[in-house]
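Below are structures written as structure tokens.
Consider the two complexes below, in which chain A is the common component and chain B and chain C are the respective partners.
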Partner chain A sequence: MKESRYSSRLMWLMLLLIAALGFFWSGTVTITNTSGDWFSGAVASVDDVSADEMTAGDAELKLVPAPKPTRADYPDIGVSSRSIVWVVAQMHLFFGALVLAVPLFVLVIELLGMYTGDSRYDDMAHEFMKISITAYSITALFGGTLALSLFLLYPDLMAYLMRVFGAQMMVYAILFFLESMVLYIYYYGWDALRYGNAKWVHLSLGLLLNGVGATLMVTANSWATFMMAPSGVNEVGAVIGNIWEVMKGPLWNPINLHRFIANIAFGGAVVGAYAAYKCLAARTAEARAHYDWMGYTSNFIAILAFLPLPFAGYWLMAEIYAYSQQMGITAMGGILAWLFIIQAVLIGTILLAGNYYLWSGMSRTEGSKRYQGFIKYIAVVLVICFLIWVTPHTLILTSGEIAALGGSNHPLLGALGIMPAKNIAVNLMLIFTFMSFQIYRRSDKVATVSWEKAGNALMVAIYVVAIVNIIFAGVYYGYFTNTVYKVGSSVMQVVSTLTVIISGVVLDAFLYRGAKTLPSHWGQVSNRAQYALFALPIAFTWLMALMGYVRSSVRTHWHVYTVMKDTSPDNFIPTIGYAGNMMTIVTVMFVLFVLFIFWIANLSGTKQVPPYAVRKVPAAERAGDAA
Partner chain B sequence: MIKTLQIWLAIFVIVSLYFYGLDHFIMSVQGLPLNMDLTPAQ
Partner chain C sequence: MSVEKTNEVKSGGNVLVKSMGFSLALALLFTLVANLLPQVEGEAPVDQKVDLGALTVESFVALGESVFTGKGTCSLCHNDLGRAPDILVLNMEETAVERLKDERYKGSATDAESYLHESMVDPGIYVVKGFGKKGSNDTISPMPAVNKPPIELSEIEVNAVIAYLQAKDGNDVTVSLPAEAPAVEVQPAESAGPAGTVEEVIARYGCQACHKVLGSGGELGPDLEHIGKRLSAEKIRQSIIDPNANIAEGFPPGVMPEDFAGKMTVKELEMLVVYLLSGEKPVEDIAGSGTGKIIAQFGCQACHIMLGSGGELGPSLEDIGARLDADQIRQSIVEPNTVIAEGYPSGVMPPNFAEQMSDEQLDALVAFLSEQKGD
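For the complex of A and B:
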């Protein structure tokens, strides 16, 4: 009865929210005075007004170029403005990524719990949300601080962006309210909407939450991509398109996809660290088993989302090159190129830690003995590929070192420091990481289908031919043909890797249908495996700080690339050392905040022992307390 | 034994053909056709 009352209330609330959204999107609301269709007319176009109606003065008024601030127009508060915005923006992005990602996989886990009828999934999903809910407040606090910092320190830039994006900023604010409301209902309504039809209402709320969250993300992404590759404006930055033309720049969708996938991997890694922390601190075997399972699930999410991420990154870089070769070369061939070597170190750390966790986790089941022999070969391939990936093309040397070497080039660096070698290495690392996953998932099962041998032969053949194809494409097209074929062949390599991953998942689903399951002992895993789960979010955080910096720095001395110059005292690309320190500062800050969140999440489940339980209290006093 | 060998060989041939066709397809949709021996046709 109580359940149906809750579900009916929430159903009404959802209908109301959907109706409100539909109303805003219907185009009947006039927010700007320039056009009846507020969404497309949020930024007025000269085309919207006929030539007869528009006077020369009107046209001048509407086609306002981007501002050209002088150095004196930037407020000086005694500290580097860029550093302040750098730290605050990065913290906001870290927490924003976490908050948007966690509900995505929570919804899937909740759905899984409903289909399997296993309440452990539901409990785990709820616990994941507990982390997200605390992080949400911190996200909002950093978001507010970022907005204030930007308006204070970069007033001309913000005034220009406000003019370009217009009412879309208000849509963002409305979405933020909606996100907050749905998030709190979703989290606090968990137990009230746990069974029967009410569960469907709860799942629908989760879907709505993710829909709003994704819309928030792509809206904010359009601001960043406009600054990198402006669209809907002319060569002096005057707005000549509608808001859709402004948002839909050449880099918008590549960034949307890249951030969407990266957020899931990042969110999985952070909640994995929470599970590891709880697993190490567990005082009972039951709690240790629960958090071990939670850590495994988190690692599964993080690594599975991470596998396609390099491909989204390739797409983004390809679009950056297509938009501006100069920008692409600044990123991968200029001062920022060395940061891609650091990126390789961090991604290598993630893959090694993720693989190590899986190999350690195989000790949970006796069936894993069948596959343990593979581990050393996987490790050798991963290490060799890692070393190739971190090989730079050129070295940063002193004059003495150059003299000793006879030049700044080395034959090995020439061959291994370029993209064909790195493409082979990356794809092989991904394939062998998937192999670790596959043998881990197979280790507690015995196939019972009649075509088991043929199925295994097919899987082996796919691995072998895909690996040969990747090496062939990298070596032949990379070193012996022209540049166009070299670049085009990287798609062959990507598709080969994806073929392995997709066919592996599909084949195993059929091969292990009705399989005999061997017992798994959750909690029976080394503490070292839990430390690997700590390594993942730290490497992910550093990686985000690093590549976020690269993405932003490719604008060089422009606020908005080619249309609004940055004339502030910080209008230069800082040294790698300085940038490295900034990234480290934000990473350490994020880790400290995450520890705070873990502590808060733990605190909410801690109950103080009543005073009379630890000392002898007269019955009269206890009665008084009770009253 | 011979049957097992035949199965493995057949599977390897099928998978190799699949990847061979895939290479041609992926490169041609990018406007980069290949010859039969996988050398660039342009």
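For the complex of A and C:
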């Protein structure tokens, strides 16, 4: 089947685009660094001016400390300010992630369509953009509402951030205009720039759209990371660096990478739900086949982006620990630690749903029978690993709970609660998810190369070595050596997992070159599989809300960590239940808005039958027919 | 055609209801998980107002323990999980002595108490093997200085933690109780001897932290401006050396420290008694514009930490120059209740310094405070 061959091209193209955007970022960063002085009118480095040269007025201008608002300085509008900002910010982030991600894989799909000459790719990419275009307006609306909310409810904080970031905020606004213009030209010019050299113009617009979008994202990220780990300011928050020094805090790039990858996974999951909905509602086999294929592609994008996400998350947490061990432990071992149990539930749901969808999808081709025997073993491993992952260790317990448990961790399950066990579980889940993915992709092909057996043996060997290495590193270094080695061992595990994924993709690319393709039938999949595509965006959305909350809460009672305290009535960390309720509220709100977007997308393709085309049937004639 | 359309709409409607129901059920499942977990709120740390007069060694140790597990967030890392040395298990008095002998130790501490203090405010001085920042070969400590943000322990809290660490293993508590406001030590050579004027006596023993005297002071204790009209010299003397013998109406017992008798020289005590009995404000001893004398004269250290010591009824002025500009500092002296520092009550600082200080004194004090950047 051509689609699976193209899906491998899709994967390579996506990786290429990611690399290109990474290059673009580094270029942007360099340009900003070298020419960033124009930002620095009010924030020039004091190192450039000697104390003698600096007048009192200069010092006052340049070294203004962060404000220290009292509780009375926070406006009280009768509703929790934090809750308002929480909901609005989360909605803005959900839609922001969607509109940044969709053009990214749309560009790849469009490129694939041009490369293959298959117009279905182009049509699908256009249909994805239809979703994104409405989402873009909603993003802007929530963005504006968020800005107003913040200025109204947290005036001192916003005044401080405005002072710190200065003209960069205006650059952000200008980029937003540019993003809007390019987006509309890209979407509405789709058919006008569809063929020949014009297509290259359209693709270039797509690249520009993604470049501007990515720059917007990293710019906004710098505000969030400054609040977590301020840089370019002194101990009391006075700006002592230029805008580049303010932006390039220790957490900026880890957040940039994490959000970039997560956005793709999230965007893939949301458009996958759209495809699932359309597939279930389809009245014709042709429509069902089309949307089944669209759902498969979306799931492919979501899971492909999701697989490296834990490693980006690991880098982020490692940088948080390096910046402030206290902050890291607050997140992972302190009051927020329980949230990672919910994270395990959510990621477990995503992996189980993703795997289930792949297993169900194997019914599309008869060739899958060769691999169906593996499924039950993969399922068992996934469930066991999932259970290990959700086993807690360091608990905040009441005295009654401690007494009932016989200690702060369970005597038998305590060993499974610590990170080494979880690292083993997570890495195995990722490896076995990749295995599902690999056998799915192999199910409609028969290799024809002479070294097929050797190739398969090599693949099996890589799996075995990686799995043994992951378990050995986790058990030996995790339980029989000290903390330093314990942390170091996770790098070995990550490398093992990545080796399996990369070598699996590369090996299959060669192994199935010129392979015989078996017939497969799009649309021949159970309806239950489509519900797995609904589970993915729900779990992703909840997960984004959860991890965004953790990221924000590690600042505890600081607006800007160590330099500006949060003295508002909401400066405490709420209970997990309260936070969970908020996350469900924003998830349900997001789903409702997404349904609105789907409805709008459908509406644009609906045409009312003209009145003149409807023949009026006289009542007498209708009565005669009935008789 | 219309029948087909109707079926499509019905099908779409069913799918919508089912997919929404499924999505909602899944979201509620996650909510259920969140609500089944232990529900704990993380309160922002609240500065404890220590009643200096009522402190005992036991209560000081208890304060240290609460700081250790609470505001200080020490137990976040110093536990049995291997993130940092488990100082609840270690006898820190003995451990400190061992570390002082270690050739890797480069600090200036001379005994366990000073080592513990140093290890908290400058933890990078000595990094315990195996607990340094990753890649630093145990030369950089991951521990933050506890007297700086984000932890920001006060000197009293740091000492309370030391007292707790000493007491938990049955060692003697060597750290001094902060029962009295620190003496004014503007000029160490002078401060070593007995106070020369009644203002110095009042400043050294922090009388204005609780009493209004010399035109200013707190209200935790009775106003002493006209105490001579109510009490005899003998009663005044008794109220200083045995303050709980007779408690002024409306004021709680046990607040005023009982150890003044052991600390004041006879000359100081008598100078104070005579002054309080006379009820007249001496004018001939007004100090010049030297900053140290101004601080001593107006008893700033009774409530503020400055020049390395002082009380905590008001904010520390050690870094006031980094937080406020000169105009703001001037305003906070002449109109102290216009802007109140976060975490401190209004109405405590006397509003009449502007009347008592000369312009030269005020200018000198403002200039001095503006230079205090906390370095």
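The definition used in the following text is that the second predicted complex is superposed on the first by the 549 of 627 C-alpha atoms of A that agree within 3 Å, B and C clash if a C-alpha of one lies under 4 Å from a C-alpha of the other, contacts with A are read in each partner's own complex, and residues count from 1 in each chain.
FYI, a residue touches a chain if its C-beta (ideal position, glycine included) is under 8 Å from a C-beta of that chain, and two chains touch if they have at least 3 such contacts.
Quick caveat, the model's predicted, so the values are computed rather than measured.
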Message: So in the superposed three-chain picture, is A:489 touching just chain B, just chain C, both, or none of them (first/second/both/neither)?
response: first
- prompt: Which partner, chain B or chain C, touches the larger number of chain A residues?
  reply: C
- request: Go through the superposed model and pick first if A:454 touches only chain B, second if only chain C, both, or neither.
  value: first
Message: Output check: A:576 vs chain B and chain C. Expected answer is one of first, second, both, neither. What do you get?
response: second
Message: By the touch definition at the top of the document, which applies to A:499: first (chain B), second (chain C), both, or neither?
response: first
- prompt: If you stack the two complexes on chain A, which partner ends up touching A:469: first (chain B), second (chain C), both, or neither?
  reply: first
Query: So, does A:542 touch the first partner chain B, the second partner chain C, both, or neither?
result: second
- request: Enumerate the residues of chain A that count as touching chain B in its complex and touching chain C in the other.
  value: 482, 484
Message: For the complex, give me every residue of chain A touching chain B.
response: 453-454, 457-458, 461-462, 464-466, 469, 473, 476-477, 481-482, 484-485, 488-489, 491-492, 495-496, 499
Field: Partner chain A, residues of chain C touching it in the complex
entry: 4, 7-8, 11-12, 15-16, 18-20, 22-24, 26-28, 30-31, 33-35, 37-45, 73, 76-77, 81-83, 130, 133-134, 142-144, 148-151, 319, 322-323, 325-326, 340-342, 374
Field: Touch list for chain B against partner chain A, complex
entry: 4, 7-8, 11-12, 14-16, 18-19, 22-23, 26-27, 30, 32, 38-40
Query: Considering the complex alone, what residue numbers of chain A touch chain C?
result: 56, 60, 63, 65, 68-70, 234-236, 238, 273, 276-277, 280-281, 283, 321-322, 324-326, 329-330, 333-335, 338, 341-342, 345-346, 349, 394-398, 401, 482-484, 487, 531, 534-535, 538-539, 542, 556-558, 561-563, 565-567, 571-577, 579-581, 583-584, 587-588, 591, 595
